[in-house]
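If you scroll down you'll find the structure; I have some questions about it.
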Amino acid sequence: MIAESKKTPAARYGMSIDVDRCNGCGSCMVACAVENNIPPATAGATDRTGLTWIRVFRIDNGAEGAERRSAFVPVLCQHCGKDAPCVSVCPQQAVDVDPATGIVGQMPERCLGCRYCMAACPYHARYFNWWDPAWPAGMEKTLNPDVSPRMRGVVEKCNFCHGRWHAAKTKAVANGKTEIDPADYIPACVEACPSGAIHFGNLNDAATETAQGARLPNSFRMLESLGTDPKIYYQSKKNWVREISSAPRPAVGKEKARG
Amino acid sequence: MVKEMDKEFITRGVRRCSTPRFLLWLAPWVGLLLFGAYSAGLCLVKGLNQTNMDNRYAFGLWIFVDLTIIALGAGAFFTGFLLYILKFKELKAVINSAVVIGVVCYSGAMAALMVDVGQPLRAWFTFWYPNVHSMLTEVTFCISCYLVVLLIEYLPIVLKNRKLREIPAFLVFEFELHKLIYVLAGVGTFLSFFHQGSLGGLYGVLRGRPFAFREGIFVWPSTFFLFILSAAAVGPSFLILTTWLVEKITGKRLAKDRVFQMLARISGILLSVYVLAKTVDTLIWINRTSPSLGFTASQYYDWKPFGTWILFAEIVLCGLVPALILLTPRLRARRAWLIPAAALACCGVALNRYVQTVQTLALPTLSFDKFLSYTPSWQETGTVLGVVAYGVVVYSFSFRYFQIFPEERELKIEVRPQAEEEPALAGRF
Amino acid sequence: MKNSRRDIFKFAGGAVAGALFTPAPWRLITDAALWSENWPGIPRPARGEIRARFTNCALCPAGCAVRARCVGEQPVSLAGVRGGLCPFGLTAHHLPYHPARLKQGPIEEASAAVAKRAADGIAVLDLNPGRTVSWTYRRAMALLKGRYLAPESQAVAYDLSAAKTVLSIGAPLLDGWGTPANVIAARRNFRLIQAEAVESRTAVLADEWIPLAPGTERAFAQQILGALQGGRPSVLASELAGNGPSLVIGDAPEIPEINRLLGAWGKIVVAPQEAPVPDSWTRSAAAITLLADVPDHSIHVLLIDESAAASYIPWHRIQPKLANENPLVVTFAATRGGYARHAKYALPIAVYPELTDDIAPAVDSIHPTFRISVPLVTPPAGLANPAEFVGALAGATASNALRERADEIHKAGLGTVLTYADAKETPVKELTPDAFWKALTEGGEWTQKGARRILSQAPGKSIDPAVRPETAIDLPLIAIREPGNPALVSPLMTKLYQESNLRLAPNRVALHPDDARAANLTNGARAILQTRAGKCSVEVTVDPAVPPGAVLVGSSPGIQDVCAPGVRAKVVSA
Amino acid sequence: MFPWNYGFHFGAASVIFLGAFYTVLVVVATTILNALWRAHRDLSKGKVEDIRWHSDFHDLSAADRTCRHVLTGEIKSRECPHAFDCRECETHAKRIALHPPVRAAEAEAEIFGMSFPLDRMYHRGHTWARPEADGTVTVGLDDLGSRLLGTPDAVELPEPGSRVQVNGTAFRIHKREADVRVLSPVDGEVVETGSVDRGFFLRVKPFADPMDMRHLLRDAEVKPWMMRELERLQLALTMEGASLPSLADGGVPVADIASAYPKTDWDAVCGEMFLEP
Amino acid sequence: MKHRGTIVFAAGVLTALGAGWAGFPRVIYQTHQQPVDFSHQIHADKAGSKCDDCHAFRADGTFAGVPSLDKCSGCHAAAMGSTVAEKNFIDRYVTPQREPAWLVYARQPENVYFSHITHVKRGNLKCEKCHGNQGTSNTLPPFQQDRISGYSRDIWGHAGRPAMTMDACVACHRQSHLEHSCLDCHK
C-alpha cells in the first residue's frame, strides 16, 4: 500500500510457464523451499496444511479410461497487476505491491495471521504457517541467509525470490550499474526447472523470452475474468489445458490425447 | 448463613434462588468455560495447528460464530437506538438485557478473534499501521470501539447494584453517566451500523471469490447494507428469544407483553425489508455480478450438500416466513407462534453468515480445484462452547445481581397464581 | 481499614496513570511483538561470505554438474550447472543432517569379524558398479579369492541425440532414466512414444501415450517384434521402421532384438566406454559376476556397498545365495532402511555431498567420462570408508585410487576437462597432472568426445518367447513401479510427498478409486501390500490416474523387497 | 494511526476513516470525563442524598409517584414532577392557596386504629416532623412505620451535629431481613437523638427560619394518604406472598406487622412502604 | 486531611514514573561487555586506518562487517604497544587463534536486508550518518541487549536517536523519495 508517490521506470516481472513442458518432477517446489527457508512438514501436515509457495497441480481432461489425459500446472502467486485481491484486504499493510517491480510482497513480520488475504486469493497461492518452523537438528545450517525464516501464525507466499533481487541489486551497485543484470535475478524455481518450462523476466521488455511467451496465441492466464491482471502466463497447445484458465469446470475434454 | 450469603447484593423485591443453588447452576457452565479456556490455551500456546482449518479453509467455525453472535448481539445497538434516539420508551424494559447481551456477544467475539489470529501479540498493528481500505480494519476499529462503548453502557447497570450504589461516588457517577447515556447510544449506533456493515463487506469485497462478491454501492458492497439490515432485524428477535428463555428458566415474568409485541413488530418490519433487499440483491448477483466474473451462479449450487435449498431456507423459510408471522398481530400475540418465528429469524441470520463464510470457502475458484469440506476440531468447538458458557455465566451474574428487567417487580404479582405449577427450573438464578 | 483500601486503589490508579507516561508499557508491547518475530524455535541462518563451489552429484549415475552456493564452507543451496536438477539432487545438501541417517557403527568389530571368516567365501555386492571404487573391490576380491557381484550387466549405452523416434516401453525416459540435461536437449529432436500402463510423468510429456493394460509390457514388445519380423503388420511398427532412426527402450528381453531389427544397434545403442584404468588394476581384478549366476548358499561373508545405489535387488533374491550357516552380512549404508535391516553390521558411510567418489557413467553417456563428487561438507568422524575397509582386508591401500586413476587418464593424454567455475574446456594435454587433478576436485568433468564409437555386441537370438504372466486369483492387482528414489531423501521432500500430491511417497501405494472401494480403503488409510514374496505395511493413495486393476507402488526398500513391477499383488486394510 | 507511523498516507480514505475514529474516541472520552467531573462536583457539593432520592424516585412505580392532590381527590391523575418536594411546586402552591388543608376533628387523629396526632406533619416516607417551641423540630417514625418495623433489630442514628436533608436519609433501621433508610422530612442539623417508646426520633435544628414545611402532609390530607398506604401495603404483602385479610375494610394493623408475616420478604415490603425501591 | 486522596494518587504517579524511567531500563536491558577493549581512535590516529581498511566490501558487494581475527593478526601478531588491553587481546585471541565474539551494535534483525554498498556508494552516505562518532571513539560502549526482543538498545551511535528503529530508516528514505515497498528492506 506504500508509495504511489514515486514513478520509477517500472519493471513488470512475470513468468511464462510452458505447461506442455512440465513433467511434474517437483524441482521447482523443493528449490523454492530451499531458497526461501520453508521448513519440512511436521508429522500432522497434509496437502491442505502444507507450506509451499509454488505448487504443481496435476490436472486432467476429465475423461475416463483411455481418453483420460493429464498435465502438470505449477501455480504460484500470480502477482496480480490490478486490484490484487490480497492487497486491499490486509488490515495492517502487510501486503504491498512494489511499483518498481510489480511484485506483490508479503511481510510476515507485519502479519498478524488473520488469513483474510488467503480467503481473498482466488489462486490459493497463499500459505499459512500452521506450525512453528522446525528443521531437523543440524539442518538449520543449510538455511539461506538472504531470506529470514518465518514464524508460526503468519501468512507467506511467493515473492519472486526477493532475496535474489536484493543480491542482484547489491551486485549491480558494486559494479557501478543502476539496473540489475537480468542474468543475476532468476527465481529459484526457474533456475531449478530441468525441462526449462518456466521463464522469468520483465514483461515490459518485449525482448525477453517471458514477454514473448506471454504474447503467444496459446498463452493464457488463470481466472482472467476476475480482472486481476495476473503476471503469470501459461502456454499450452492443448485446448483442454487452456480451458482450465476459465472458472467453470471444463467440459469433459474432447480433444484427442494424441498430439 | 450460606444460603443467603449474597442477599445484600440482590435487588430489593425480586426473588432469586439461594446462593448454593445459583452456584449449582453455574457449575456446569464454569466447567464448560474452563474447558473452553483450555482449548483456546492450546491454540494459543501450540498454534493454530490445533484447529482443523487449512490453507483453503483459512477461516472456519470461529469466524462463522463471530459473525453470528455479533449479528444476534445487534439487539444492543438497535434497542439503544430505538430507545434513546427514536424514544421508544417501552423498550426501557429490555434495554439492560440488550446491553448485557451486547457485552457478552461482543466480548465473546473479541476473545474468539484473539484466538483466531495467528499472532495475537501483534494484533495492535492493525491500530498502529491500519490499512484504511480493508474491511477488516473497519471491523477491528469499530468492534473494539463499540466494545468499549458497550462496557461503558454496562457500567451503570453494574453500579446500580444495591450494594455498590451505597458508595456515594458510584451512586453519583452512575446517575450522571446515565444522564449522558444517549450520547453513548448515539456513538454506539454509529459504530455498530458500520461494523455490522463492514462484517458484511468483509466477504462482499472479495473479488476473487465470486460467490461472495457483490456490486458496490458507494464504496461498500451490497452485503454491507444487507448485514446492517439483517442484524437490525434479528436483534429484537433475539431479545424476544432470550427474554422468553430466561422467563422459562427462572419461572418469572420479566417483561410486559406489550414489549414483546413491540419487539416483534419492529423485527417483522425490518425482516421483511431485509428479505426484499436480499431477494433483489440475489437476483442482481445471479444475473449480473457473478457472470461478469466468469462464473455462472448455478454452478455454486452443484455441490452436495450445498444445493439451492440453502438459498430457499435463507430467504423464504428463515426470512419471509418469520417476517410474515411477526407482522401478523394475531399470530405474534401467541407465544406458540412468536417464539418459533423469532427463532427462525435468528436461524436465518446464522445461516446467512454460514453461507457467507463457510460456503464461500468451500467452493473452488480454480477449475481444477476441489470442493472441500471441513470439520472443526474439538479445540475449535471447545473454544466456541467456552464463549457460550462465558455468555451464560456473565448473563447469569448480571441477572442475579443487577436490575436487568426493571418490570420484573411489577410483574411479580401476575405470575403468582401459577406458583403451584412453577416449572422445575423455577427459582434458578 | 476502609480508608487504607481506598488508598491502595488510588495509589494503583495513580501508578497506572503514571506508567502510561513512561517507556515501560510501550516497550513491553513492542518487545512482545518483536519477540514473536524471533522467539525460540525460529532458527537464525548463519551469515558470512557467500561463494560458489562446484561438484558432481553422486546420487545417481547422471552425475549432474552442481554449483553450490555456500556460506563459508556450508552449502545452502544447490543448482545445476547445465540446466536444472531433479528435486532429490536439489536438496542433497540436507542429507548429512537427515534424522534417519546412520552415523555410528562397529567398524573395527566388523572388520575383525570379516577378516576372520574371509577365507570361507567372501563377496562384495556393488550396487553402483562402474566406479573407481568398483575396481578396488575387484582387486581386493582377486587377492581374497572372493567374488565381485554386480546386479546386472550394463552392456549398452544409448545415443539419444541420434534417434528420431523413441518408443519407451515403461521406461522413465524423462524422469531420471539418463542425464536430464542430455535427455531434455535430445528430446527436441525425437518423437517420443510412451507405452505404459499408467500416465507417468514421462507419458504426460510424450508425443503419444499408449495406455497398456497393466502387466502387458512384455506382450506389447513381442507384438512389435513380431510385426518387425514380418508377422502381422502394425501401425506402430511401421512408424518405427519408417521414421528412423528409431530406438526402443525398456525392460522386456525382446527389446535388444527389436533395436537390432530397427537398425539402432551400433548407431544409437553402443557399448559404454570407461575412462582409462591403470594396467595394474585390470591385471589383478576379479571378474564381474552377476548375482544370479552365483551358486546358492555359497557366500559366507557378504559386503554390500549401498552408497548411491543405482538399483535395488529384493532381499529374497540375495538371501538364497548366502551360506546356510551363520552368514555374515555387512552393509555400508547411510540409513538403516535398506539392506542394513538384514545385516549383522551396518556400517555408516559418508553421503553426498560429504562423499569423495567418482560417478559411474549414465545409461545415455556414450563417451568415456570421469567425474568426481568432491565433498562440500566435512563428513563427521566415525564413518566407514568402504574402499578402505575392503582394501584393508586384502592388505592393500585404496585411499589414493581416484588420484591414481586421474593420473592414468592424464597419462593417456586424451580428451578435455571442463571446469564448471569458468565453463572452460581444456585439453588434458595442456595440463600438468596436478592441474588436472585440481580441475577435477574443484568441480570439473573429463570427457573424451569423439572417442572411437564401439559397437555393442549384437544380442543373442535366444529370447525365451513365452510370456508367463502370474496367475493368481487371490492377488487381483498388478504392480506398477513409481520411478525410484534415492534411498535417502531430504526431509524437504515432504513438499512433494506429503504437503502436495505431486509424487507418490516411498511408503505409499496408489489405487484406482474402484479398486480402493472394493478393498474398502480410503485415501490415507494404512494397509498391507501382499505379494507372493511377502507383506509390507503401506499407506494408500486413491488416485483416478492409476488404471483399474493396477497398484502403483512406492520405492521404499520394504515395498521393493516384496513387490517388483509386473508381479501380482493385493492391498488389504491394515 | 498517526501521520508519523510507517505506511501512513494522507488520502481521503485515511482522513475520513481515522477522522471518524478519533471523533468517536473524543466523544466517548469527553462523555466519560464529563460524567466523572459532574460526579465529582456532586460529591463535593454534598448532593449525594439528593441524587439518591432522585434516582430512587425515578425507580418508583408510577402508582407510587402520585401527587398528594390526587390522594385527596382534588386532581384526577397526576404524577409528581418534583420528587415529592412540594416546596418547588407551583401547582401545589396554587392548590394550597385555593384550598388550605382543613384542620380535621380531634377524632381524626386516629386512623384505622393508628395514631396520627395533629400536632405534626407527615412525610410520605412515614416520618413526621413536629416543630418545637425552641425552634427545633422533632422527627420520628409514624405509627404505620413503627408497626411495620416493630421492635427493630438495630437502628443507625446519625451523629448529633450531622446534617439531614429533605428526602435524604434520616436514619437506618434493620428489622429481620429488612434494611431500610428512613427518609428525613426536614433539612437541618441534628442536635439530639434518642428513642421514646417505639418511635425513634431526632431533634433537628432547621436551617431555614421560618421552616418551609409545604412538602409535608398535614391535617385532612393524612387520612386519604393513609388509605392509599394501606392499599399499597396490602399489595406489597400480596406480592411478597402473604395471604391476609383485607385491611381496607376496617381491620387494625397489629403492633408488629413484621411478626405477623414471618415468611414474607420483609425487605421488599419495607422498601415499598418506605419509598426505597 | 482534605487532599489526602490527591496526595496518594500523586504518590502512585510518581512511583510509576520513577520505576518506568529509571528502574525499567535496568530490568529490561542486559549489559554485556565487548570481548576486547578496542579503540577506534587509536587505530584511526596512530595506524592511520580508514573505515574501509577494516570494514570492507567483498567482491560481490556485500559488506564484510567486523573484520575477522586474521585482519587483526596481520599487525598484532605480537604486541605493538604496551597497553593491557592489547596484551589481553593477544593472549586471549591472537595466540590461541580464537575469534573474538564481537557484539555488533548495528547488527540488523534477521528480517532486515541492509545493503551497505547501496547506501555508501549509491547513496553517498558517510559512515557517520548512521554510526555517529564511533569511528573516533576511544572505548567501545557497553552493549545493552533487550532481554525480550534480543535487539541491541542503542545501535545508532550518536545522540540524536536512541536506537535505529524502522522509523529512522523510513524517515531518511521518505526524504529521499526512496520508499517503494516493504520488501525493499525486508527479507
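Letters A, B, C, D and E mark the chains in the order given here, with residues in each chain numbered from 1 onward.
Quick note on the criterion: a residue touches a chain if its C-beta (ideal position, glycine included) is under 8 Å from a C-beta of that chain, and two chains touch if they have at least 3 such contacts.
Predicted model, so just to flag it, every value in this text is computed and none were measured.
> Can you tell me the least number of steps between chain B and chain D, where a step is a move to a chain it touches?
The least step count works out to 1.
> In terms of CA centroid distance, which chain is the most far removed from chain C?
It is D whose centre lies farthest from that of chain C.
> Could you tell me which chain lies farthest from chain A when each chain's centre is the average position of its Cα atoms?
Farthest from chain A by mean C-alpha position: D.
> Taking every chain's C-alpha mean, which one sits closest to the mean of all protein C-alpha atoms?
Most central by this criterion: A.
> State the pair with the higher C-beta contact count; candidates are A-B and B-C.
Most contacts of the two pairs: A-B.
> Based only on mean CA positions, could you tell me how far chain B sits from chain C in angstrom?
For chain B versus chain C, the centre distance works out to 60 Å.
> Any idea how many Å lie between the Cα centroids of chain B and chain E?
About 53 Å, centre to centre.
> Using mean CA coordinates as chain centres, what's the chain A-chain E distance in Å?
38
> Between chain A and chain C, what is the gap in Å from one C-alpha centre to the other?
Comparing mean C-alpha positions, chain C is 29 Å from chain A.
> Mark out which residues of chain D touch at least two other chains, giving numbers and ranges.
6-7
> Return the residues of chain A touching two or more other chains; collapse runs of consecutive numbers into ranges.
Residues 1-2, 46, 49-50, 93-94, 109-110, 132, 147-149, 151, 153.
> Give the residues of chain B touching no fewer than two other chains, as numbers and ranges.
Only 119, 122, 125, 128-131, 133, 137 qualify.
> Going by the contact rule set out above, which residues of chain A touch chain C in the complex?
Of all residues in chain A, those touching chain C are 20-27, 29-31, 33-35, 37-38, 40-41, 45-47, 49-52, 55-56, 58, 60, 64, 66, 68-72, 109, 132-145, 147-151, 153, 188, 191-196, 257-259.
> Could you list, by residue number, the parts of chain C that touch chain A in their complex?
Per the stated touch rule, the residues are 36-39, 41-48, 50, 71, 74-80, 83-87, 90-91, 93-94, 96-99, 174-175, 180-181, 184, 199, 201-202, 204-205, 207-209, 211, 490-496, 498-503, 544-545.
> Taking the touch rule as given, give the residues of chain A at its contact with chain B in the complex, in rising order.
Against chain B, chain A makes touches at 1, 42, 44, 46, 48-50, 57, 59, 73, 75, 83, 85, 88-94, 110-116, 118-124, 126-132, 151-155, 222-228, 243-250.
> What part of chain C is in contact with chain E in the complex they form?
Within the complex, chain C contacts chain E at residues 6-7, 10-19, 21-25, 27-28, 30-32, 34-35, 37-38, 42, 44-45, 49-50.
> Any idea which chain E residues touch chain D in the complex?
166-167, 170
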